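All remarks here apply to the structure that follows.
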Amino acid sequence: MSTAQKLKMGMVGGGRDAFIGAVHRHAAWLDGQIELVAGCFSSDPEKSRLSGEDLGIAPGRIYHSYEEMATAEAKLPEGERIDFVAIVTPNFLHAPVAMAFIDKGFHIVCDKPLTAQLEDAERLYKAVEDSGLIFALTHNYTGYPMVKEARERVQRGEIGEILKIVAEYPQGWLADQIEQDGQKQAAWRTDPEKAGGSCCLGDIGTHAENLGRYITGLKIESLCAHFTTFVEGRPLEDDANLLVRYENGAVGILYASQISLGEENNLTIRIYGTKGALAWKQEHPNELFLTLKDQPIQTLRRGNPYLGAASQRFTRIPPGHPEAFIEAFANIYLEAARAIRDRKAGRSTYDYDFPTVGDGLYGMQFLSTAIRSAASGEKWTKFVG
Amino acid sequence: MSTAQKLKMGMVGGGRDAFIGAVHRHAAWLDGQIELVAGCFSSDPEKSRLSGEDLGIAPGRIYHSYEEMATAEAKLPEGERIDFVAIVTPNFLHAPVAMAFIDKGFHIVCDKPLTAQLEDAERLYKAVEDSGLIFALTHNYTGYPMVKEARERVQRGEIGEILKIVAEYPQGWLADQIEQDGQKQAAWRTDPEKAGGSCCLGDIGTHAENLGRYITGLKIESLCAHFTTFVEGRPLEDDANLLVRYENGAVGILYASQISLGEENNLTIRIYGTKGALAWKQEHPNELFLTLKDQPIQTLRRGNPYLGAASQRFTRIPPGHPEAFIEAFANIYLEAARAIRDRKAGRSTYDYDFPTVGDGLYGMQFLSTAIRSAASGEKWTKFVG
Amino acid sequence: MSTAQKLKMGMVGGGRDAFIGAVHRHAAWLDGQIELVAGCFSSDPEKSRLSGEDLGIAPGRIYHSYEEMATAEAKLPEGERIDFVAIVTPNFLHAPVAMAFIDKGFHIVCDKPLTAQLEDAERLYKAVEDSGLIFALTHNYTGYPMVKEARERVQRGEIGEILKIVAEYPQGWLADQIEQDGQKQAAWRTDPEKAGGSCCLGDIGTHAENLGRYITGLKIESLCAHFTTFVEGRPLEDDANLLVRYENGAVGILYASQISLGEENNLTIRIYGTKGALAWKQEHPNELFLTLKDQPIQTLRRGNPYLGAASQRFTRIPPGHPEAFIEAFANIYLEAARAIRDRKAGRSTYDYDFPTVGDGLYGMQFLSTAIRSAASGEKWTKFVG
Amino acid sequence: MSTAQKLKMGMVGGGRDAFIGAVHRHAAWLDGQIELVAGCFSSDPEKSRLSGEDLGIAPGRIYHSYEEMATAEAKLPEGERIDFVAIVTPNFLHAPVAMAFIDKGFHIVCDKPLTAQLEDAERLYKAVEDSGLIFALTHNYTGYPMVKEARERVQRGEIGEILKIVAEYPQGWLADQIEQDGQKQAAWRTDPEKAGGSCCLGDIGTHAENLGRYITGLKIESLCAHFTTFVEGRPLEDDANLLVRYENGAVGILYASQISLGEENNLTIRIYGTKGALAWKQEHPNELFLTLKDQPIQTLRRGNPYLGAASQRFTRIPPGHPEAFIEAFANIYLEAARAIRDRKAGRSTYDYDFPTVGDGLYGMQFLSTAIRSAASGEKWTKFVG
């Protein structure tokens, strides 16, 4: 199956007013390889219908529930039914929705974090592994070409052994209690029933963890987490600061915040090794800073011939023509689509470059460790993976 | 006609190895409102066929020539035939291709500059005006939300009367004679037969001119152009430096270069008025710098509530989640698509926000004035519009 | 006594090859109000002599020991003897040298940290308080005008109540064991006998702590410190990461590192409040970033009329003409000199803007708390002040 | 004569409220090698007296006129009389003051531009050459270490043959007619009697020219100058835009502006060669950007061991501890002082690194060429040197 033949995507979640559903659609559409043909866009059937109409979905394939959707799509003939489903609901629905589609043999692209609860993550992980289906988790920041370049440079040993990782993810959008004012994005993220045991660290801190692990491959040995809820009446933390020890002896600072006014989406990572250092900022994603010992700072810029294969493969346009968030997100889709086409073609699998259900499980173990640390008087707590 | 119903696009040019054709396709696809259904992707029929297959175009709608395509598409029933054609050929073909499709009543999205020769531009302008068809020229940098914000601020009088514009567009990719080594992008741009009377100023300087005019509305009164060809054997200039006088008495510096090593696509504009100043850099497009007299520098960032309606309308994702080149390009497509759907629906037209054939004609008059100035010993030369 | 009459300065430490002694001299000289007339520049008498000769000090006032110097200078007639002494030795000598000069009634400018051991700091604090002498500690980063501006904005309530402070001080110069290769700056800083119980946090982390407290006035309630020694064979930590709770409920991250390759002297502070945020970077010290809720980022630049009195008072040249490290350092000297002249004139004291022995004692208490936390398995430890 | 023995400086100009006089004093004092012992600080004797008192000058050496000062100082015994005079008056006085001191055999440090009129510059040049005295012109931007690094890199051929220079110097402080409101700095700069035939290009554009020539060594072949006076009633231009041809075939853009709101002192230079490019911004002077063909951008930072000898020689403190405007200015003084001490010691001269009377004459020739071009309808005009 060539890329010329579009993959058929279904979507669960992502109705009117949703944020991340729209991002997934742009990402799926960008490269002309995927078409959206079915969906259950909301738990409210009327809203699902209206959202589907907005999107030009055939009426018969706008569903009232995800269970109905999984069942109905599975009955459609191959070539007509969806090739995979994108799950873009609040966290607590990831597991049940995914299980329903796995049951029917559908591949999955799922938003992060993997689930709301660790046990669900473990169950889902097992189900995916047993099924042999493709499961891509949209830790989208790993889709940025310069993040891939950073990883390749680390793997090549350019900065030596890693000594320290500083990963920051400050935002300011939850500085006020906007969840009370009907802001839906805020409402479910601050609701333990829907988000799980963490707001801030689960929503964005897991991205910071994943980014560090993607680039360096380092696993956490133990951590000390300090959670704070600054906005009164909010049941989950809106600020989380962690000290980290990695298995190789490296140390880390990892923090996430949603009450840091003036910050938008300032995910930043700095990695220090015995031979040099790397730094990357999501808000200026086309640049990667590399400093080798006793050398000038190098600004590596996306699209240039001096970059490695991993970054080049996920670059669409020349240097100086910036790519950004949607393009990086689309790189996860591109790679998941490649895996799905390979699977359909019966080709043996490659080493695909997208975050997996295993990454998602690791993220939930990280989150669970941090929640335990924070709950126990911010004690250093061993990572259990 | 709602956005749910996809517009059908044809494409002329943009075969394998082309740069700008791929950008047009990403831009058309990004928002899920346009599908590519037909094309003549190369003047080489075999290459056109292969390119069309790559893109999943039905064999019957991959054409051998643009004339054939215009004729054949016009014969297809409405609802099946293309709604518009995207012209992404080298400059010298813009006019004949556009004329062929105008003859058959098709709307057009065309790459810039409008034509290779001024007379063609004048003829094409007249034909478009007479036809009443939609014609969008992809001066894509005006699609950036923060450029629209700059324009709105100027229109609102925030920086007062404009005194000075400094518009720069340095690149370094033609510092060597790569047109001799089979680099196709370089080959046609440096060939007077295909590019017209200018390489550097035509290819990128017209963007700088258009950007300044889009933001300020100012027209040129006269200019003094210094063209240089640094790479031996190249028949057209690869560096162009201009002094400018605007009709309102403002002054300007406008320069473009393709031999400036270290520069990628560093389009930058600074606008100084009697009350304040604006600055914007294409390589970091989500930020606009505004300084009002005796006030701190303000960094305005895309997606924030403090921005005006024009920028908000062309924003897809929240602040801190950067948008970039393809999104800005897609904004031209979004707006052209809106115009085409309105036309199909028989709705009276709005004040659409995309560059028109009139902008293209102005750009060719600018180019022609600069070529005359450069050819006459770099004399100050009156703009004839 | 007007500024026209130069104050006479003596110096202890700062011989050939010293770093900070030279900085103190530039700072003292910059404004033409202070002259260096005496010194004991090294514990090695020959080196002291050569260093003094380099500096044009009269032979009779180049001393072999600081005790001799204190005694001899005290015997000189007023108008000839030094007005104050600058102490620029390794940490462990600050206390004995200071005590010797206090005994003889001399004012003091002393490098930081206050002492090597907490008990010395307590003793010195008491001696200074009892003596009524001027004692300025060169936490020089508080001398930067834009740091003063930050403080004034916080005091004025512009960013509301403080919620979070992120203070970073990464350097990379001790990534190798250069103390073995005769690098004197490295040698004493990594020697517990000379530096005290901490290398990295004492040398630079105390600056970060002081900077945060200077700007916000917040005191620490408790902290959790993670010390690491990355370079084998080094007896003190070269990397220190801290989580902090402040008395008002604010949280903090404070870290210092000397093994972060690629970092030079990247002291950075970000302060988040309920109404806005401030950020400042020492390596670009003329800019202060202020973001008020729902407003664009403001870049405040030194020397502009929109700034407050505190920053203006310590500004020498117009905006855009950058001032830097030595100027900020000299601001501590300017203010100490003002205090000393006032004292000599018998004027009642003002609220001088320089770090005091009390700030130094607080810094040592901070350091001591962190050392205890790190030594006790990185437990949260209550600040004892 | 060692640096330990302070040189004695006199000053003409630089009274209360002057800007540049104070800068010269800070620069002279910074390194402890120069003391200010005499002066005629204003043409108003009372103001001269008060200014001298502020500075602690002995009453007998505060003079009423520069002629008196030159005569009286010459009569003092060697060792007591001044070693050199710093001339910091408005432009039109540079020549007569300098001539008076040359007559008496004094070395000179003089502010730029050399004179108000070209003929005066020619006369002064000859007088200096005939006298054999040291004459340093404070084109202070060449004192920045990273500018020296740029020069060294060009000389070493790192960026190949120079193709293009873009030198910008925008300021905004004269956007209003502040010369009417008693702003003395503005008053004389906009007065043809005192400033000469140009305001903006003379005051700051000559710095931009000098900076380009210092780094590249290139001389101008011809230029086309566009002068504008935006502020009504101002007799001289406040904005100047130039196109330039250099003798080696390189092209240039050189502009200066004093009406560009939002700009403070934004002197910037970009130099493009056949092998790479350099860029430097005065407002962040510790960084130099170097991009070699097909390589990442390198950020070279002051004080690092990878820099060349020229930059290292003029660096006082380690990387990351920023130096700035006054330090660069002081580098001119350091080097002039070295030359003067050598002369006093009868040592044969070195190749000193400070701008000379020859540089000043070249600058006046440049200015005169630009004034002629602007006055003749902005025609291309041959540089006459």
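We call the chains A, B, C and D, going by the order they appear; numbering starts again at 1 in every chain.
Basically, a residue touches a chain if its C-beta (ideal position, glycine included) is under 8 Å from a C-beta of that chain, and two chains touch if they have at least 3 such contacts.
This is a predicted model, so every value here is computed, not measured.
Undergrad: Tell me which chains count as touching both subunit B and subunit C.
TA: A, D
Undergrad: State the chain with the largest centre-to-centre distance from subunit A, centres being mean CA positions.
TA: Of all the other chains, the one whose centre lies farthest from subunit A is D.
Undergrad: At what distance in angstrom does the C-alpha mean of subunit D lie from that of subunit C?
TA: About 34 Å separates the centre of subunit C from that of subunit D.
Undergrad: Go ahead and note the Å separation of the Cα centroids belonging to subunit B and subunit D.
TA: 44
Undergrad: Which integer distance in Å separates the CA centroid of subunit A from that of subunit D?
TA: Once rounded, the distance between the two centres reads 55 Å.
Undergrad: Please output the residue numbers of subunit C that touch at least 2 other chains, ranges allowed.
TA: 263, 297, 301
Undergrad: Can you name the residues of subunit D that touch subunit A in the complex?
TA: 290, 294-301, 304-306
Undergrad: Could you list, by residue number, the parts of subunit C that touch subunit D in their complex?
TA: 2-6, 19, 22-23, 25-26, 29-32, 36, 53-56, 171, 173, 263-266, 282-286, 301, 303, 316-327
Undergrad: Which bits of subunit D are touching subunit B when the two form their complex?
TA: 159, 163-164, 166, 168, 170, 172, 175, 224, 226, 228, 230, 239, 241, 243, 245, 251, 253, 255, 257, 259-263, 270, 272-277, 279, 289, 291-293, 297, 377-380
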